[in-house]
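Have a look at these structures, which come just after this line.
Next come two complexes built around chain A: one with chain B, the other with chain C.
Up next is the complex of A and B:
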C-alpha cells in the first residue's frame, strides 16, 4: 500500500502545480530564438546584424531610434531644433538617466560617443555616417549641439542606427563582452554558442517595460529551430528559418505566425571584377536566366516579394524594375552568345540560411538551363565573411542585405561586389547634398535605375519576416524595418 | 584441418553452394537491384534530376493516395483519410521540394553512394592489403610495429572525425568524402590481412616456398594473397555497406557530395523539416539506404558461410 499512496501524493502535487499555473500572474520572462549568434555585443564596433538584434533598443539607446514601422522617433533626445540652414541640430536630453553601471548620462556622454565613433582610430563599422559632423558641443548637462559641414537630410535617420548608440566613457572599452547602455534591459550573461541573458534595469528612465527577463537563444539549424518552437523551448522566433513549417505552426493554436516585411534585399551578389562578370552583357544574361517566382516558391515556400533593384518594395520611393530583368532564357542565351561566352563555369558560394542554400540550388539549375555551369560550395558564415566578404574570392553568392536604405553600398569602392561607377557616385553625392523631398525621391529613383541598368547583382526578392510566437505574446514587431528584436513593448497576456 | 580452403572444394561450385543460403540470395537480389538501378541511371532516368520543376513540387507517391482511399468495411470513419495528398501518376515516388522526381533521385543517388563506397573500399584494399602483407612478412620487426601502431592511431579516430578534419581543411566535396572513408578502410584491411597472413606464414607450403629460395615479396603475392582472398571479399562487402552509410552520414551533415548531385544522405537532410507534410521525402531515401546496407550485409554473411569451411561443415 505504501507505493501507490506515494504515487498518489506525487499525482496530487502535479495536479496542484498545473491547476495553480493559470491563477498566477502573467509570465514575465521570454526566450527569443535567433539564427545567428553575434560575434560581440558592441554595436559601435561591429557590422553583424546579430549584434543589433540583441542589444538595439533593449540595452543601448541612441539620440533617435526606429519604431516598429521604421519611422525615426525620439529616444535619448527628447526633442530637437534644426537651424534654418539645416546645419545645426540642438538636442534636448532628459535628466535622471543612468547607465546600467550606475554612472549618470549627460551631454558629455553624447559628445564622447559621437567623437569616438568618428575618430581616426574608430572601429565603427559605419564610420561614414558620422563624416558630416563638424563639431559636437555639450552646451550644458541636458543640451547638446551638433554642427554639420553640410546639410544632411538623413542625419536623424543615421543617428537612429545601432552604430550611433550612446555609450559611457567608463565602460565603452568593454562593451563587446559586457555591454553597458541606458536601455530598459541590462546585460546579465552570455554563454557563448548558446544564449545571451538580459534582465530588467530597475533604474530605467523611460516607460517601464513589462518583461523581467529576456533570453536570446541561438539556434542555427532550421530543424532544431522547429523542434525548439514545437517544444515551447523558445517563446518566439522573430525570423523563423524554416518557412516550410510555417503552415503547420500556423495551424497550431499555441502559436501565431505573422508574416511581415524586412529590409532584407536578397540578391545574387556578383563579383563585378572577375571576367567575364565585368561584362554587363554577361550580368544581364544571368539576370534574365533567373525566374524569381520559382526561387521564392522553391526556397521560401512562397514567402517573399520579387525585386528588380536594391531597394525595399515597401518603401514609398521604390520603383518596380522587375520587368527590366524578367525571366527570359532565350534573351539570356542570345546575350551570352553576343558576349562570346561558351563553357562558362562560375563559383557559387552559399552561406547557411535556407534562402541561400535552397535558392542556390534553384539558381544553379536555372543558370544551367542557359548554359552557365556553377560550382556550388556551401560555406559557414565565418568562411563566407572571410572568403567572400573580405577576400572577395567568389563569382556569385546569395545573401540578404538587411539594413534599411543601404543602396549606398554601391559607391563603396572597398565593397565585395567590386563594383565602381562614377555615375553612381555622382548620384549618391547629389542625394546626400539634397534635402528637398521631391528632388531626393527623383535621385533615389535614379540610383535604383542605375544599378538595375548596370545589372550589378541579380536582384531576387525581398526577404519576408516570418515571425513565429506563442499566441499569448503581445507587442512583437510585425515588420522588421531595421535589424532589431525590440522587447521594450512586449508582454504576455494570461 | 590440414587441407587448404581452396583445395577443399572446386571453385566453380562455390556460387551454387551460396545460392542455397536464403540470406545470400536476398542480399544478392537487393544488391543487384540497386546496382542495376545505378547503372541504368547513367543512360536513363524518368526525369532529369538537374531540372527543377517548382510547379510540381511536393507531390506525394500515388500509393499514398491509394491508401487514403481505402475503406475498411467495419470501421465508421476512413482511417487513412488524412493521408490524402496531391499526387501525379507520372511521379511514382512523388517529387521533392524542388519538383524533382524522387524515383530518378533515388536512382542517381544509388550511383553516388555506390561510386563513393566502391572507390573508398578500393583505397582501403589498395593500401591496407600491401601494408598488412608487409607487416606479416616482417613480423616482430620495426616495420611491423610501425605499420600496426599507425593503424591503431587511425582506428582510434572515428571515421566521421577524420572526415570533418579533411573537409574542414580542404572543403566539402565528394572527393574528400571518398578520401576520408578510404582512410578509415585502410587499417581494417591491413589488420585483417596481417592476422590471416601470419597464420599462413607458419604453414608447410610457405616453408617449402622459402626453402625453394623465394623472397618474402614473391611468397606474399604468390602464396599468401590467393589464400586470403575469400576473407578480403567478405570484408569488402561489409566495408562497402559501411561506406554507403558513411557517405549518407557525411552528406547528411553537408560534408559529402555537394548539390546539385543527388545523394541519399542529403535527400534525408532536405526532408527533415518537411517530414510532417511530405513524409515520402524522408522515407524513400531512408528505405533505399536500409535496403542497400541490409543487402550487402546479408550477401557478406552468405559469402562468409560459403568460404569458411568450419561454418559450412557445422551446418551440413
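Up next is the complex of A and C:
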C-alpha cells in the first residue's frame, strides 16, 4: 500500500469529483449568519440571546420546547399528566436517548438539571422560573415527578425555555465551551470571533434531520452582512441587520426575504418615578406625541407592527389598544398644559441597536413638536445596563423587550420602569393561579388594558424578524416566537 | 553597542510598568459591570451577584491588580469573563490572523513603496514624480474601510474571486489562508504604502542634497550610482522609523478592517472585550499590544544602530 496504483488514484479522484458535484444530491451543509457571537454556549448560565440562537433545539433539548409558531410541544418529555390541583406534573421520558458524549439520558438527568438551576449558587439567568418547584423526583428511569408549591399556569411554557434545557452531570460544568446535549446536532468547533460548527449527531433519538453540517458565522457589521449574503458566503441570515438593503435582496432571484414577527416589544421605557413623569397625564401626553408609523418607516424601513400595550400582536390573546394612544399632538399639548408643564427637558438614553438610535432621533423630533425637549445620549449596552437598568439614572430610553410573554415585568418592584401598581399585582397573581384558558385570556386582556390605561411606557412597535435566505432553503422559521435558529427541519431543495 | 542595548532595555521595562498601571486603572473606571452584561437585563439580581462572586469581581482593586501582574509575569493572562476560556488561548488563535495580516500588509506596503519612492526621487519634478505624488496623496486620503468595501464590491460580490470576509483558517491550507487575507491586506497596505513612498522620496531627496553625495558625483559617479551607493542607505533611517510605526499600527489598529471583513483577529477581540465589558481580556490584550509596540520600537532602535554606526556609541 505504499505506492497506490495510478488506477486507484484516478478512481478515487473520480469518486471524489462525483460526490462533490452539487447536482448529484441536495446540499446538506448550511452557513447561518448571526450578528452577535454568543459569549458562551451554555444556555443555563447566561442570558445572551445569541446562546439560544446557536444551541436551542439544535444541541440542547428541554422537557418541552417551542415550535415555529410559539406553541409549547413535547420534547424530551413525550407526554405528561397534571394532577387535579395543578401541583404535580408527571413527565414520561423516552428510552434510548443519549447525550453527545455517549452517556445515557434518564430521569436522574432531569432531576439534576432542574435542581442545579434552582440551587442557591446557580447562575441561571432565569432562576425565578424554577422558584415554584418544590421537589423533583425520579420515579424510575423514564418517569419524573415535579411538585410545585402553588399552581402555575405557565409551568410547561417556562420549561420550554432555553434556560431549562436538560444537561448531564458529567458534562454540565464544561457546557460553556463544549456543550453536550441530547439534540440532533452535536458541537464540533468554535473559532472564537468567527464561527461555531455543529454536525449531525448519528445517535439522535428523535426524527432524523436533513442537514449534516451547520456553521454559524458571526458578522457584526451590517454592510459586511450584506456583502457576505451577496457573495453567498452565508446561506441565510435569519435576523438580517441591514433592513435598507432588503429590497435589493428581495429583487434578486437567488434570495428570498421573509418578514415575520418577533417577541420584541419595542417601547419608549419611561422612568415612572422621576417627576413629572410620575404624572400619568405627562406620560399620556408623550404617548400622543408619538407617531408610531413615522418611527417604523423612518427607523425600520417600514418593518414592524404598531402596538398599544406590552404584548405581541401575533399572540391570540393580544388586544389592539393603539387607538388609546394614537398620534394627536394637540391632545398632547393640552394634556401638558393641564398638568402645568412648561420647559420640560427629558434625558433620552439610547442603546446601540438601530431601532433605538434611529428611532430615538424620530421620537426626539416628535416630542419637540409638542414642546418637550430631549437631551439625547448614545450609550453602549454595558453602560445602558449600568446607568439605565441598574441605577435608573434616566428619563426615557428605547429598548426591545424580547422575552416571550413578559408582561410580568410590570409587577417586578425592582424593575427599571420604577412602576408599581397594586391593581396590576392583583391581576398577575390571579393569572398565575389560573389554569383555565378562557379565564386566563380575560385576565391577560385586563393586564394589557391596565398598563395601557396607565401609559406606563410609550408602546411603539413589535420588532419584525427580517430574514434573508437562499431561495433553495426550506424549513426556516418565519417568525421568532423565541430566540432560536432551529435547524432541525431545515433542508435544501435540489 | 552593549551599553546602548542595556539602556534601551531599562527604558523598555519602565515603560511596561507604567503602561500596566495606566491600562489596569483606566479600564476599571469605565462604567458597566461585566457580570450584568453577561447575564443580560432580564436576569435576576441574585444570579448576577453569584456570577460576580464567581468571577472574583468583588475583590479589592489592588488585590486584583497584583494577581493580574503576577499572572502576566508567569505567562497567565487570566480567563475571559465572557468566553470562560484562558485569554492566552484566545490570543493564540487570533494572533495567527493578525500577525500574518500585519506582515502581509507591511510586505505589500514595502514592495509598493520602495520602487515607487525611489522612482519619484530619481525623477524629481518630472511628470512621473508629479503623478506618483498625486496618487500617493489620494492613497493617504482614502479611508481604508471605504477602500475595503469597494474591494469587496468588486472582487467578492461581482467577480466572486474572493469571499467577502471571514477567515477559513490555516488548516485549510496555506494558500487558502493567504487568499482569505488578501483583500484585507490590500486595503490595509494602500494608505501605508502611500505614506511610506512619500517618506522614502523626501528622505532620499534630502540625502541627495548632502555634501557627500555631491562629492560622490564630483568623483565621477552618475546620479543613479550616487543614489544607490551613497544616498539610499542614509535615507533609510526615517523609512525604518515609519516601518516600525506601521507594523505597530497594523498589529493594533486593524480593528476596523477586521470588522469590515469579520476577521477573528486581535483587533476584533479588543473591540468585543470593550463592548462586552470583558475587562480582563481588554487589559491583557492591550498590555500585550503595548509590549509588542515597545519591542518593535526597541528593535527599530537597534536597527538604527546598524544602519548608522554613530548611534552605537550609546550617548
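Criterion: the second predicted complex is superposed on the first by the 471 of 494 C-alpha atoms of A that agree within 3 Å, B and C clash if a C-alpha of one lies under 4 Å from a C-alpha of the other, contacts with A are read in each partner's own complex, and residues count from 1 in each chain.
The definition used in the following text is that a residue touches a chain if its C-beta (ideal position, glycine included) is under 8 Å from a C-beta of that chain, and two chains touch if they have at least 3 such contacts.
The structure displayed is predicted, hence computed values, not measured ones.
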Chain B and chain C placed together on chain A: clash or fit? fit
Counting residues of chain A touched by each of chain B and chain C, the higher count belongs to C
Next item on the list: For A:47, select first, second, both or neither according to whether it touches chain B, chain C, the two together, or no partner.
Entry: second
- Taking the superposition as given, does A:247 touch the first partner, chain B, the second, chain C, both, or neither? first
Figure out whether A:128 sits in contact with chain B (first) or chain C (second), or with both, or with neither. second
Practice prompt. Identify the partner contact of A:369: answer first if only chain B is touched, second if only chain C is, both if each is, neither if none is.
Written response: first
Applying the document's definition of touch, where does A:361 land relative to chain B and chain C: first, second, both, or neither? first
Note, angle between chain B and chain C viewed from the Cα centre of chain A, nearest 10 degrees, works out at 40
If you stack the two complexes on chain A, which partner ends up touching A:223: first (chain B), second (chain C), both, or neither? both
Next on the checklist: Contact-wise, after the overlay, does A:298 reach chain B, chain C, both or neither (first, second, both, neither)?
Outcome noted: first
Scan A:377 for contacts with chain B and chain C and give back first, second, both or neither.
first
Min C-alpha distance, chain B to chain C, superposed, in Å, is 6
The shared contact residues of chain A with chain B and chain C are 223
As the complex stands, chain C meets chain A at residues 31-34, 36-47, 50-51, 54, 82-85, 90, 93-94, 149, 152-153, 156-157, 160, 163-167, 169, 259-265, 268-269, 272, 275-278
In their shared complex, chain C is touched by residues of chain A numbered 37, 39-40, 46-49, 121-128, 176-177, 191-195, 217-221, 223-224, 227-228, 230-233, 380-383, 385-387, 389-390, 399, 403, 406, 409, 414, 416
The chain A residues in contact with chain B across the complex are 222-223, 226, 242, 244-245, 247-248, 293-294, 297-298, 358, 360-362, 364-366, 368-369, 376-378
In the complex, chain B touches chain A at residues 50-52, 54, 57, 97-99, 171-172, 254, 258-260, 272-274, 276-277
